[in-house]
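Going by the order they are written in, the chains are A, B, C, D and E; count residues from 1 in each one.
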Amino acid sequence: MTIIDWISGALGVFGGFFVLVGGIGALRMPDVYTRLHASSLTDTLGSLCILGALMLQAGLSLATLKLAAILIFLLFTSPVSSYALGNAALLSGYEPRQLRTLEREKRP
Amino acid sequence: MNAFLDAFNYWVFAVLLMIGFYAVMARHNLIKKLLGLSVFQAAVFLLFISMGKVDGGTAPIILGDNWDAVFSNPLPQVLILTAIVVGISTLALGLAIVVRIKEAYGRISDIDAPKVKSGADTPS
Amino acid sequence: MSVTAHLPALQVVVPMLTAPVLVLLRDARLCWIAALLTSATSFAIAVALAAGVLDGMDIRYAMGNWAAPYGIELRVDALSAILLLATTGASTLALLGGRRSLLREIGDARLPLFLAAWLLALAGLVGILVSGDAFNIFVFMEISSLATYILVSGGPHRRALPAVFKYLITGTVGATFYLIGVGLLYMMTGTLNIEDMAARLGDVGASDLLYIAIGFIAIGLALKAAIYPLHAWMPNAYTFAPHMVTVFIAACSTKVSLYVLLRMDYAVFQHNLPEQGLHFALILMPLASLGIVFGSLAAIFEQNIKRILALSSVAQLGYILLGASLVSAAGINASALHLFNHALAKGALFLAVACLGYRFAKLRLEDLRGAGRLMPWTLTAFALAGLSLIGIPGTAGFVSKWALILALMEQGALGVALVVLVVVSSLMAVVYIGRIVETLWFAEPPGEDPTVKEAPVMLLAVTWLAVALNFWFGFDASTSGALAIQAATDLTGSAP
Amino acid sequence: MMIGAAVAIAVTMFLALLRALMGPSVYDRVLAVNMFGTKTVLLLSVVAHIAGRSDYLDLALAYALINFIGVLAVLEFFRLRKVQQTKEAPPGEAVGAADEVDERPIPGEGGS
Amino acid sequence: MTGILSGFILSLAVLTALGAMRARNLFASVMLMGIFSLLMAAEFLLLDAPDVALTEAAVGAGISTVLLLSALALTGEEEKPQPRPPWIGLAAVIIVTAIVFYAVKDKPMLGDPNTPVQTHVAAEYFPMTREFVDIPNVVTAVLASFRGYDTLGEVIVVLTAAIGVLFLIGPEAPVGRKSPPTLRQASEGLKHHQPVRIVGKIAIPFILLFALYVQFHGEYSPGGGFQAGALFAAAIILYGLLEGRPAAASIIPTRILRIMAAGGALIYGGVGVVTLVLGGNFLEYTVLNDDPVVAQQFGIIVIEAGVGITVAGVLLAIYHAFAARGET
């Protein structure tokens, strides 16, 4: 195993870990905004790690170019989608959970 | 058990076929029927593509002029490409009809039901 | 190569490629002329192909010049020639007579799209008829189905929409069942060409999987062919379609599915499985008999003229199926004849209904009381076409019913019982046709409506032409008879 | 290592699917679909690597594009629906209408 | 490894389909169907069918989601509870299922290379493609040449769908009396979402470029006219989502879309007519050039272009028809 393989392997493991954390977060968090938080952050980081690992494995080739294209596209669109989704939820009157629970506690 | 796993794709074909067919037959909502039809057709796609798979084979796109490798069967793939297109065409036409039904009747379920029940059809 | 060699391809390609041109042309009148000319060309090609079949030619065409199991092969035999004539003929007559009726029901603006769909339905139907490839049949089945949904949805009443939706669901489920069956057959034989399939299925032998494939294909096509009891979609689709569309699809669309069923069963399955003929008969004969009885019975108690005729089609399809389910050369002969003659009779009847529909908004019997006095030519045509449907000697309907009765008589005691059934059902046809004629002719009109007069000349002329054809093929059945005999010989291997 | 990553991605797909099945609000479902799409892209990339076929990466790229368009289509749908609701409801109730974005809880719709 | 992954994906697919059919909210169903399509596409890839996977993703997850959402916006998304269980439907389903399960029992095992499916017709396509067509993507060779007539039929099916949608809900179609008189203003898109707008607009040229790549690289890699047409349409739809449907219609007016839809089919059919005139059979590309292999490749490129143009035109025409319905 060369050093590149080591780095790539480590990146793969990290990526898998982040992706998994994001998944658990999206499942376990209490409301839309926190779920969005968990998934969008780890999405970006996980994609970066995994695609980076694959690029290292592929070396200098057309495959790396394609992987780079995918990575760049994901890096741009993923946060934007998350932002827009959160924005749409908020605009539609869907309040973050904390406010709602607080209000509920105010009422008898 | 092994035999079960070997034929797993075909079991899934049967299950998906059943799910889709049930939705088509039993759901009253017209859009749900169309969704059921999509699942129903997807099951058939799975059947065809599964039968073309060869163990240890790869996609029938030759890499680097290596014509002697083991390839999966291209013919079912060609058939299913056509079938997918047919499926989306049917879906589009079906949705257009549903939109017109909504405009003409004000609802998209139980169109054939007697008039008496139309009171229960308004959104609650 | 001469043009003649390319006729099978041209039969499909001419209407199929004119349709996109109609989408581009936006003038209703121009579109109508183009559609009519195309349909007439198709009819001419069909006549040429039928003449070739009668000359004993084996008509085949390799698409793209790829040999049969690798490429798609077209082939025309006697049975497909009969239906080619009926389909292209019905389309041409309906277009010829139906311009004003279509303009009224569809409107100027949408007519180009509608006529494009019409030609696509025609291309789909003839595409099924000339194809020799099981999957290719599926593709053209979908073209014809989608186009037919469009045609039916053009009906003026809003109830056309749920009717066409039901048609769409049933049609798609039927086509998908057929596709599953073809997939299973492909799994066993590795080929999609029908003849190659027949040749290779012998090595595979009978298995549960094969019977299930047969079942899927049969149920799928029975759904599309509206075989009793799977006909639920059909009466409403026919009733609420534009009148001219009813003429076109009632004459041929369900019959084409039936053709595929016969073709697959006789050419592929019975060829290889000795008991398949028996199974075919055991399952289809009761269904055919039930269809004959219930179709006619339901027609008697119906009020709307178009529904009456639609339900009568269920019974008439029963006759065709009954002949086929005898699994004898004489039976197929009768079926093939009736495929053609019923198309003639139903076409003429629905043309007459279209005449009525041009002057009356509602086609319930009570709305039409005394209509015959205002439109005597129309009603006379209706009554004469009705005679052909009933099967009075001298009409085309009689020729095929007589052939059916002869075929049934070959079968011994069971056959005699079935003959009784056919006669009873014909008497029921007398009742429902008689009831229409009586109401329209003898009942007192509800009030004088000055707008009601005879139908447009062109439509009336075409109706009378169709009626005349019914009598022509009643007196001189040599052409249709020769084709039917050859179809029976092709399918069963022995002359009737 | 890449196999480990593939397993992690597959498990995450399952978790995202659970979120899509459970809802409860429409936004949760969209979130889950978006997440699922990204995970599919990653999974395809890994599969392309394992199968040694770089032409599969075209598919991954196409999935990424389609996923993005899908999410935007959903947002546009929300916007249209909001416009429609405010139009149909009298002005005073507009705010209440917006609250209906929460789906009514459906018993037994937990999935899995 | 792929076996386990494939089993896992299929299990998820069943779960998703069940969820989609059970959900009472149609929007939820549509979302789940999007996931279902992605899963099926991934499974197709694992079964060595990248062309099918690409199409399923573009069609199932992309185009049909857009169409379903447009239809939902016009029809409402709550499904009414059903009063009684439909016994006939249930009985029919149980019978069919029993039969299908019975059939599955006998099927040849997955991946066996010695079944008739692998040995009869399909095996010959590889040497034939190598000799007569000489392009690496055998799927494209079979699709466009050996079974080119089927593909012509497929193009016609797509065109039929467009004709149907335009006939039913196009600009000239009647509007039912039960629809609210003014449903909404013409869509203004996601103009207020500034970040989305910027990123989306940057993405559009790249999507178009990718569509061209898929179109013209289809002989060498997964893809072809249909997938390219769908991606092209997706790019324009993206523009419509960002800037409003009228903006998208001003780039490619609906009149042009009609011409594209019909013209692509005519290009495909025209190739067939030209081969007839040159003395070959219908769609026999070999007569197009002195060198038969070059002629085949040329024919395939032209008809794939026809497919791409028709599909793009049709999908966009359908999108406009749905989105414009109900605009004031």
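Here is the rule we go by: contacts are C-beta pairs under 8 Å (C-beta built on N, C-alpha and C of every residue); 3 or more make two chains touch, one makes a residue touch a chain.
All figures in this text were calculated on a predicted structure; none of them were measured in a lab.
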Spelling it out: a chain qualifies if it touches chain D and also touches chain E; which chains qualify?
A, B
Among the chains, which one keeps its Cα centre farthest from the Cα centre of chain A?
C
Rounded to the nearest Å, the gap between Cα centres of chain B and chain C is 29
Between chain C and chain D, centroid-to-centroid distance (C-alpha), Å
47
What whole-number Å value describes the gap between the mean CA coordinates of chain B and chain D?
20
In angstrom, rounded to a whole number, how far apart do the mean CA points of chain B and chain E lie?
13
So which bits of chain B are touching at least two other chains?
17, 21, 51, 58-59, 61, 63, 75-76, 79, 82, 86, 89-90, 93, 97-98, 100, 104-105
Considering chain C alone, which of its residues make contact with at least two other chains?
135, 139, 142, 146, 149-150, 153, 158, 186-187, 192
Junction residues of chain A, two or more chains touched:
73, 77, 81, 84
Identify every two-chain combination in which the chains touch.
A-D, A-E, B-C, B-D, B-E, C-E, D-E
Flag every residue of chain E that touches chain D in the complex, lowest number first.
1-2, 5, 8-9, 12, 15-16, 18-19, 22-25, 27-28, 31-32, 34-35, 38-39, 41-42, 45-46, 50, 53-54, 57-58, 61-62, 65-66, 69-70, 72-73, 180, 182-185, 187, 189-190, 193, 196, 200, 203, 207, 210, 213-214, 221-223, 227, 231, 234, 237-238, 241-242
Flag every residue of chain B that touches chain E in the complex, lowest number first.
3, 5-23, 25-29, 31-32, 35-36, 38-39, 42, 45-46, 49-63, 65, 67, 70-82, 84-93, 95-100, 102-106, 108-110, 121, 123
Write out the stretch or stretches of chain D touching chain E in their complex.
3, 6, 10, 13-14, 17, 20-21, 23, 26, 29-30, 32-33, 36-37, 40, 43-44, 47, 50-51, 55-56, 58-59, 61-63, 65-70, 72-77, 79-81, 83-84, 87-88, 103, 106, 109, 111-112
Within the complex, chain A is touched by chain E residues 190, 193, 195-196, 199-200, 202-203, 206
Mind pulling up the chain A residues that touch chain E in the complex?
73, 76-77, 80-81, 83-84, 87
